[in-house]
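I've put the structures underneath this note.
Shared between the two complexes below is chain A, which pairs with chain B and chain C, respectively.
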Partner chain A sequence: MASAEDVKQGFMLSKNQRAGLLSFLSAQGILVFFLISMLAFSLFSEQFLSQSNIMTVVRQASIIGIIAVGVTVVIIGGNLDLSVGSMLSFSTVLVVDLHDKIGPTNAILVMFAMTLLIGAVNGFLIGFMRLNSLIVTLAMLSAIQGLVLIYSGGQNVDIANQGDTWFAFFGRDYVAGIAVPVLLFGLLAVIVQVVMSFTGYGRRIFAIGGNPVAAVYSGIRKNWCVFSTYLISAFCVACAALVLGSRVMGSQNNVGQGYELLVLAGIILGGTSLLGGAGSIWKTVIGVLILGFIQNGLLLMGYPYYAQWLVTWVIIILAVWLDLAYKRKHLFTTHS
Partner chain B sequence: MTAMTQNAEARPVLELVDITKRFPGVVALNKVSFDVRPGEVHALLGENGAGKSTLMKVLAGKHRPNGGKIILEDEERVFDTPKEAKRSGIVLIHQEQSLVPEMSVAENIFLGSTPRKWGNRVDWKRLHADSTEILERLKCDFSSRDLVSSLSIAKKQMVEIARALVFTPKIVVFDEPTASLTDHEKPVLYDVIRNLQAQGVGIVYISHRMDEIFQLSQRISVLRDGEYTGTVNTAETDEESVTQMMIGRSLELDHASKPSEFGGPMLEVRGLTVKGVCSDVSFTVRKGEIVGMYGLVGAGRSEVAETIFGLRHYTAGEIRLDGQVVDFRSTHDAVTSGIALVPEDRKDQGLVLGMNCRDNMTLAGLSTVSSFGFMKSRDERAVYDRYQQAMKIKSPSWRQRVGNLSGGNQQKIVIGKWLHTHPRLLILDEPTRGIDVGSKAEIHALIKELARSGYAVLVISSEMPEVLGVSNRIIAMYDGRVTAEFDADNVGEDQLVQAITGMTGSTPQAAGAVV
Partner chain C sequence: MTTLKSFLRGGAFIQPIWIFVIALFVFFSLMSEYFLSLGNINNILVQTSTIGLLALGMTYVMINGNIDLSVGATLGLAASLAVGLQPLGLTVAVLASLAAGIVIGAINGLIVWKTGVNAFIVTLGAMIGVRGLIFVYTQEQSFYASNFAFVDFGASTIGPFPVLAIIFLACTLIMHLVLKKTGHGRNTFAVGGNPEAAMDAGIRIGRNMLINFIIVGFFAALAGVLLATQMGASTPNLGRDYELWTITAVVLGGTKLTGGHGSISGTLGGVLAIGILRNGMNMMQVPAFYVLVILGAILITVLIIDQRLNVPTAKGVRA
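== the complex of A and B ==
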């Protein structure tokens, strides 16, 4: 059995210089890495740095980005949300299916209400019943996927008259030359960042993630706060479903599959720690964009889809390792 | 005292020469020299933030010094990691506990040096046998198989000490080992120290309690603001001159008089019973009054405080706050009703170590420094500055991570955090744990001043001088029950000791007689 001390010591074995390099890399590493890979990709593909390609990448990344904004709040509060993938499937199928049945406005309202309800279930189980967030949201991941299949009867859904519905606005339109999904992503990111860094609510979430016991001893209503982070996460998923449904105008009943991991990947790449109590939305925005560019670059270089996944995850594990190595050093020895 | 004369001439086993250590914004140690002789207890003194813990962490390989030499047995050494230092026979018992709560006592004692069988498997039998043997030497009444998370803070401290006894080390550093021990457990620790001494081990002893230092040590070295101010033989000095060395002037005693004008009852506890914790506890704290709660660790004092604060639910009895019956479902309700609790354990319950000083200070009173949910950073700064000055908190800036402050300064942040909420009832659980003599007097004066301005104050303490010095009345607890109640100005020490060890008559004296 490897004891905790052994683990600590392993990390501390680093001599000063190596530790210095580590901390430099983990502080700057993501950006350095980003620039190098951008350079490499642009050597291999002329398209890569073209304006239209960049716009495409950003637009594609915005769905993951919108969800990641919400999940970042959950993670700062010291929990996880893995259910966002099938929540996205659920919400997209729901809004697309209801569009023709009850009209776009009602469809959107019902979809938001149902998504928030699922968020509330997560929040109740984790915030009030104090169940482990990993297990609850993992269970919800499967349960909601089942719900989608029951709802759709296994059929794919689509909008019959795709030409003339204002529902197209969210996924396909541009405002002032910027794609609406990108605008939505930017708007959400700014609002949530402001809430997290300038309000008492944000302060409480950071405190809960940093030391839940001390937060309770400070008179913070931990259960309500944790509950609310899952509502925020669900709200972001609903926004993402709006964009996704509007863009594809039809939906397979597993469109969201794998999104939970991509979202997590973006957050980790940005450098928000999974331990809670630290992180920011800006970091997540950067992480999500990096992820988007890496995948796009690999695609342009002609790698098949599955190779992208492999490379993406190697990079992510590297990022987590750097993050941990840096943390250990700070927790158990000092910067000199 | 023969040990002292024997070793006065002995060559030091360990010498620290001109150690310098800088942190961003702080010079924690500036060319500090220090040595330890075999078989001596060398006390290290200094105010909060003077650099004591830092010096010892440099010695134990936790910090790399920016300058200076470590010489162990005439050989210059560089320790890159705590493990290397430990292998060379240097053991540090930390000020802040560093146990793994999810592991058993035995696993914690042998962390990093677990006995193995062939195939690299843990030798559980030997692990527990060896641990039990060490625990017996320490007269501990818990088992090596207990989970650390189930132990009280004092027992955790004993486990921390047990770790040092795994090997026979050359140097053992005790960094405020008694901060969470009561008078009951201290003699056991002293025995351990004298035992190590007899085996020729060099001991470094850090404490803010002068009586311990004079009882145990042969030499005393003093640090002030990261500078070495000198070493003296304990036999040739006294408390006053040591204090003079520490703070550069003589100690201003706590001259503030106790509050004397009381209003109506603020807190009335009647027949309070929490299953397995306390039973039939009754007492009153009036407006403007300071009530001390004295007892051994485990007597149920902290638990009573937690119950009042809404952290535990009571099964019988009644709590009244300013006449109203209250039963808080959450700490939030307690805080909004004007109760403050400075908790027992600053690291786990009091602070978010990763947050900065200012944010920790305002965490319990966020609504007072925000409008429409938005933080007013100027107000927040004002709060921080106010308590930073009132308690002379040593920190390079408000942005410093609280986890990087010295232990005593962290404690001051917790106190400031709760004073800032302007409570009607202030409960302090071991408020001056780890705080130096000078600041202690200041904090006591602060508490009295608050009471005089109308706060009701309940001070839980294991230190007799503290309860006697600050409180108007003293409630003694033993085994979850209130055993006696005294007027603090007319009580003998032995009366108090009897009351907290359960040797007194079971009928509490009438509180009325005290008034």
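== the complex of A and C ==
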């Protein structure tokens, strides 16, 4: 005769298994949330899980995603980059404006050079001058927006002959049935994830973000490492500008306004800590995709586009809170 | 040089930002014949009152070691409510918008206190979400003021001084005194400087932070209502990017992002510096774009000067 204890054992996981499951859920909680929300949306709308819809969402999310890959590296290194929105405006306006003047190849080269130069300024001020990254990139946000407006004279720019330029490749073409922006996003994410996980460089960035003093004592050249993270971030912004400029074939001079905070929202949602020293690229990819699918799912269910902002408010805080609560084993803080 | 250093460090009674404000003031007075007039100075005060009111609350929150990115959205919500609810009566409309600001501040504060989530994340979420609330309420519409008393108020004066400027300066004085002379002000510094020590000293740090978030919410709403009286209208996108301007002003004024340091007088200087710069360059017919670049450059310069003046004396690894 089975005792009550045995029955219970049969139905419930052992203590070890339970702990294992819990720690898995806490580590991959955002993935679980992602799957559940996908499932929920697919119940409400038939089109949601269709291949074309999924591809559309990923394609729309790819610009924010590409930028987020770079900013994640900066954040893992213990800093912030708020200037990416203005930088995106700058790079997009530059590449679109120069396209007709000096040809696509030169335009792209100049745009990458200028964007990396801005990244180098950020990196110099934060890496070598050791200034606070939040304020420096806030100042750069304002300064770069001003530069864009000075450069364009307040005008919007566009490409005159949109029909026959291979520049359209980056934003509009497909390779093997997959949109180029998505490919670019995937490629960047994989490369940066591999670099961060499997190379000494990646480990050094984690070390600096986790404990800067210990990192410096163990001989890591912090200045250069921080400097390089801003170059990576700038490179990603340049890639995003390529996609955006090519897709629209024109640009408003404030096209990237507000992107910095959307990018941060995706990164935070993915579970990368703003404190530095932890996080991963693929988590950021999931975070960005969640934002994209929530927007898409709510629209398909017939809600207005701003409904996603309310949902984002709730899930960002919930995601970080639950993560914290799990680590301290209490839902609420205890101080008064 | 040493004396200059100690002078700039705040050993003297004047803060560095005020030297800058005075220099800007003299410079523009010499460069433009229209700058130095009572009308224009009133203008500057009215123009800066919006960012100024936001910055008063932001100073408290930042001294606390927190930050509030949702002030722009809260301002937008309050402005929309103050104009949109006018059919119910002006008092109801204004009280409702101020209440909305207080409620949003309280929500932010409670979440920061109870969940322990970083204020940057909490208010980033609120910034996005409150903007959603505005769109839900307004249905993407702009509102126009139907009540003329509301619009007249924005343009009214007491003697030669505009009411908006007087409200701003009065609030500044009150907030300065609260920070300097009351227990709440002292606790605000203590919590920002060293939360653990503050907790051990018996300060209720959660409650302290909650009150400061409510203060910033209230001031954001007040700024929204006053901005709406100036425009006689509200748009759903009102207040976008204001959080960035506000943080810029507060940091210019010498308040540290890490908490524990700051002053209302410095913040007033920061706000005026931005206001005078914008106004003066306008007077000199410099396109508004250049102001953005110059502001960015000034912010970084201030940061560098601040760092050079506060080089840690302890030998060791700087990290």
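Note that the second predicted complex is superposed on the first by the 298 of 336 C-alpha atoms of A that agree within 3 Å, B and C clash if a C-alpha of one lies under 4 Å from a C-alpha of the other, contacts with A are read in each partner's own complex, and residues count from 1 in each chain.
Here is the rule we use: a contact is a pair of C-beta atoms (placed from the backbone, for glycine too) under 8 Å apart; a residue touches a chain by one contact, two chains touch by 3 or more.
Since we're looking at a predicted model, the values are computed, not measured.
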Which holds for A:Ala113: it touches chain B only (first), chain C only (second), both, or neither? neither
Is A:Ala40 touching the first partner chain B, the second partner chain C, both, or neither of them?
-> neither
Of chain B and chain C, the partner touching more residues of chain A is C
- Message: Quick one: is A:Leu274 in contact with chain B, with chain C, with both, or with neither? Answer first, second, both or neither.
- Response: second
Output check: A:Trp313 vs chain B and chain C. Expected answer is one of first, second, both, neither. What do you get?
second
Using the touch definition from the top, say if A:Gly210 reaches chain B (first), chain C (second), both or neither. first
Quick one: classify A:Val175 as touching chain B (first), chain C (second), both or neither. neither
**Request:** Would you sort A:Val32 into first (chain B), second (chain C), both or neither based on which partner it touches?
**Result:** neither
The intersection of the chain A residues contacting chain B with those contacting chain C is 213, 215-217, 332-333, 335-336
The chain A residues in contact with chain C across the complex are 125, 129-132, 134-136, 138-147, 149-150, 154, 212-213, 215-217, 222, 257-258, 261, 264-265, 268, 274, 304, 306-310, 312-314, 316-317, 320-321, 324-325, 328, 332-333, 335-336
The chain C residues in contact with chain A across the complex are 69, 111, 113-118, 120-122, 124-133, 135-136, 140, 199, 204-207, 240-241, 244, 247-248, 251, 257, 287-297, 299-300, 303-304, 307, 317-319
Contacts from chain B onto chain A in the complex sit at residues 22-24, 62-64, 66, 80-83, 100, 103, 107, 111-112, 114, 122, 311, 330-332, 334-336, 341, 343, 348-355, 359, 363-364, 366-367, 370, 373-375, 417
So, in the complex, the side of chain A touching chain B is made of residues 1, 3-6, 9, 12-13, 15-16, 198-201, 203-204, 206-207, 210-211, 213-221, 277-278, 332-336
